[in-house]
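Below is one structure. I have some questions about it.
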Amino acid sequence: MSSPILRVDVASLILTHPIMNASGILGSEPEHIDVMASWGLAAIVSKTITPEPREGNAPPIIMPLRNGGFINAVGLANRGKKSVKELCNRAKKLGIPLIISIGGSSSKDFVDVAEEAERCGANAVELNLSCPHTPGYGIEIGFDPSTVFRVVKDVVGVLTIPVIVKLGLSDRVVESAGKALEAGAKALTLINTIRAMAIDVHSARPLLSNIFGGLSGPPIHPIAVRVVYEVYKEYQPDIIGCGGITTWEDAAEIILAGAKAVQIGSALALGRARFVVQGVLRGLVRWLKELGLRSVAEAVGLAHRR
Amino acid sequence: MSSPILRVDVASLILTHPIMNASGILGSEPEHIDVMASWGLAAIVSKTITPEPREGNAPPIIMPLRNGGFINAVGLANRGKKSVKELCNRAKKLGIPLIISIGGSSSKDFVDVAEEAERCGANAVELNLSCPHTPGYGIEIGFDPSTVFRVVKDVVGVLTIPVIVKLGLSDRVVESAGKALEAGAKALTLINTIRAMAIDVHSARPLLSNIFGGLSGPPIHPIAVRVVYEVYKEYQPDIIGCGGITTWEDAAEIILAGAKAVQIGSALALGRARFVVQGVLRGLVRWLKELGLRSVAEAVGLAHRR
Amino acid sequence: MKLVEAEALRIEKASKTLWVAEFSVAEKLRGLPFEFAMIWVKGVDEIPLSIAWLDKQIVGFIFKIRGEGTRALSSIKRGDRVLMKIPLGKGFAPPSGTKILLVAGGVGIAPAPLLAKYCREVGCTLTIVWGVKSSDELCSPSSIWLDGVDLEVATEDGSQGFRGTALDLAMRIARDGVFDYVVAVGPRAMLRAFCREFPRDKCEKLVALETMVKCGMGMCGSCIVKPLPKLLCIDGPVFSCSEVMRHLELSNS
Amino acid sequence: MKLVEAEALRIEKASKTLWVAEFSVAEKLRGLPFEFAMIWVKGVDEIPLSIAWLDKQIVGFIFKIRGEGTRALSSIKRGDRVLMKIPLGKGFAPPSGTKILLVAGGVGIAPAPLLAKYCREVGCTLTIVWGVKSSDELCSPSSIWLDGVDLEVATEDGSQGFRGTALDLAMRIARDGVFDYVVAVGPRAMLRAFCREFPRDKCEKLVALETMVKCGMGMCGSCIVKPLPKLLCIDGPVFSCSEVMRHLELSNS
């Protein structure tokens, strides 16, 4: 049997394989794009870019946890809209697809950065409607399906490049997903970090300067798989699965739940990125062969089959 | 310095120390009460009891996960209202406080079992408004603050023993907590498992017969700490912290966030219960001494201090 | 306890009533006699089976088809995978130098090979009495890893070995020999008779029970050995006759 | 990398400008020369500091007060606890048998003790040149675990040892000796001068850089060594002069 096809088409993008980074792992500086290009990703997602520069929070901003996950409150540190051009130019030079992640506190903010992204030649935008720890910049938007609809509609209205919408865990995530699709989103990225907190027991102080942060890594994987499954079941849209993916099994699981592509965040930390990407790809190939499938596409959503 | 005081008063109950089991670890049969009494718990929480007996789901009902947690969909298996008397009698015989956990799909259901619990001499009831995977019996109730209010109000109206309300993770958990307190809840148990899913990648099938299940264990601990912190910040009520508590540090963290007592679920599995309870208690004593605190009560909510 | 993927090496009918399932697993497993596994026959059921044998990365089971789960297990093919939680329970590990008599009724032979291996390793003397209705229910010792073990057979119809039940034969053997432990495993009626009738003077009398195991991890409580405050999946499945006598009498199957 | 609780054993002013902080940790740590830690002085700040020494469960740092974080660190007391991510970075582990010259400016002496220990263990020859403005900035070798190390001192005012900068002295020493690696660590201006002026004929020239380390784990990207596509917290802090020359020239501090 010939080797299974890793190529996937997601959100109208043709990717050589299903793995990209999750937004927020590097991605705010052009040099980051070079670093990430060396990891073997099929596409790069930028750090979430807001119209204006943001300093972000003071350290500690990211902490490893006893449960194998991480908690972070970077605070959407980025150099603002003006950095989009540099990021796009670098990606173009390297010949790697770039998705600009966008954050904002209003429709206008999203439109503003999205237009810049299209102008600069980004391959797609990902609207981050789900940062769980930056007041006004996130999950409040994703919580409310009608706000999701409005923001996505406004952005889709002015762009020709694909719009991906990133949602986090919420009570009505399936409904929000539906609204995003209805408003014209080409794909959904599911899920963001989950609002959490860690306290140092010796000093009785919150671990992060921001007090609250987002939980990422293996702890959230079964929740991400669930959200992907529920949304896929309802609409069968293009889904980019995200949350705790570390091994090929994690990726396989979320693909079976309905994801066409995956984003890896935390597992890329500590210099392990290249190894992790390679490991996941090799494992997926072996697994597809074992199952007798000819492509990743054939595995998408298979867990729904009765 | 004399040894710190472990005794806590929570929901008008006086407990010799802050540790009880989380509902659903045994607790549906009188013999379970004997088993649990031997673990050294300060109080026992029964399995969630519904008015009518429930068979529960077919195995697999509980699976260990790669991320160190468990996923379960026991399906609220219990012998119904009629089992309350036996449970209460056994606990009385053993001289250990018993909290009857109650599940239902309507106010009437909750009232029905709650009245039976009071009649049979239970020390308190815990309303499970948060089972994330049994349709009609859970999280839908906890999601909606006004439903929470109504159910709690109805139960409080007919009881003299304390009513504890168990909520799960939801967008408006702080609001639901407020409504539960407003309706007369004496304490809140935070949190239940989080709706999740695991798929066997070799067979492409959901791991649980029920497809969805609740994620428990260390993965959810930072989320539980966050919810406890947010609710404590708002109302400073009596909180029983629950979610991923395995070591004394996990317990200390959730106490600092605002919990007066803790419930341990998953960590009691696999025959480790006695060891875990003892380990947590010893660790808490050492820790309180290190911090120069005279009692658990003094540590409650300390992370809020600026 | 680990959750492991296991790949079927051999699933075969070993006698009129018994099946053998042998798997390879990716990691080395350890297990004591009478410990068991929860086997998830994917998408069908999760069922508890005693570990029959275990040698590094090979694990085997002996089972009887009772319902959907065991039927599904009998119909998987070489190369198919199952998931198993293994090992579960407390097992039974007699001290070295002791003499053990195992009284197995029917599929109760399942834990025998692992016990035999354990006894060889730690230096216990093991005699196995295996009783079945008729000789066509027996399997060849080599197919179930029982080569070279002191195995005495009883058939109710006398078609092979001793004519009578396993218990009858065991009582006869016990008359001549001295045993430190006598362990019975088989149908509940046999266990009840064993606990009642087997002379207990010089030995400790034990039984391997079955209750409804749903999680195998001490969480759901369904395996409670009523009226004892003991969980089969944590404290068992081997219990002394004295502690489970009432349990055996209460249950009517 | 581990996140460990560390208990302060000794926090003291070791010279006019330098402080020493020594901690005990519950588990044995390992670290290579130039690896560093992120120290969370609780509730204040998290700051990167080179591991100065490391011996089983004792870890030491040498630091200069620059702002809030370092000030907070200087004011903790014996018995206080901090949290640290340790070890971070790639470190610098020269092959055994090589000859190394370390050119340290001011607090650049921080990684020296661990490098000295490493060299003793693997069999490298190490010469350290330590330059400061004036002798009151020096600390006693024993207080910073530098006993018995070949340590040459340069003071700009000539108050002790060679009169001049560390770089001046290092160039003089290099004239007579042959080194496989020359590593400079200190203020950016010194590193720039070193990379420009130090004769590179026979040796590999390296510098230990500082950039803004915010997470230490390769996630936030703030430590990027522009215009290189390298993260200091993953690939550094030691780089060859040739690769970071442009970085040193671009930055104007």
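Here the chain labels run A, B, C and D in written order, and each chain numbers its own residues starting at 1.
Just so we're on the same page, contacts are C-beta pairs under 8 Å (C-beta built on N, C-alpha and C of every residue); 3 or more make two chains touch, one makes a residue touch a chain.
In this text, all values refer to a predicted model and were calculated from it rather than measured experimentally.
Shared contact partners of chain B and chain D, listed by label: A. Seen from the C-alpha centroid of chain B, the farthest chain centroid is that of D.
Measuring from the averaged C-alpha position of chain B to that of chain C gives a distance of 37 Å. Distance from the chain C centre to the chain D centre is 64 Å, each centre being the mean of its Cα atoms. Each chain gets one centre point, the mean of its Cα atoms, and the points for chain A and chain C are 50 Å apart. A separation of 33 Å divides the Cα centre of chain A from that of chain B. Across the assembly, chain B contributes residues 202, 205 that each touch 2 or more other chains. If each chain is drawn as a node and touching chains are joined, the picture is a simple open line. Pairs of chains meeting the touch criterion: A-B, A-D, B-C.
Looking at the complex, you find that chain D touches chain A at residues 1, 3, 5, 38, 40, 42-43, 45-47, 81, 83, 85, 90, 214-215, 217-222, 224-231, 234-235.
Residue ranges of chain B in contact with chain C, taken from their complex: 24-29, 31-32, 34-35, 38, 47, 56, 58-64, 70, 72, 74, 77, 200, 202-203, 205, 207, 266, 268-271, 273. Put simply, chain A touches chain B in their complex at residues 65-69, 71, 143, 170-172, 194-199, 201-202, 204-206, 211-212, 215, 218-223, 225-226, 229, 244, 247, 249-250, 252-253, 256-257, 287, 290-291, 299, 302-303, 305.
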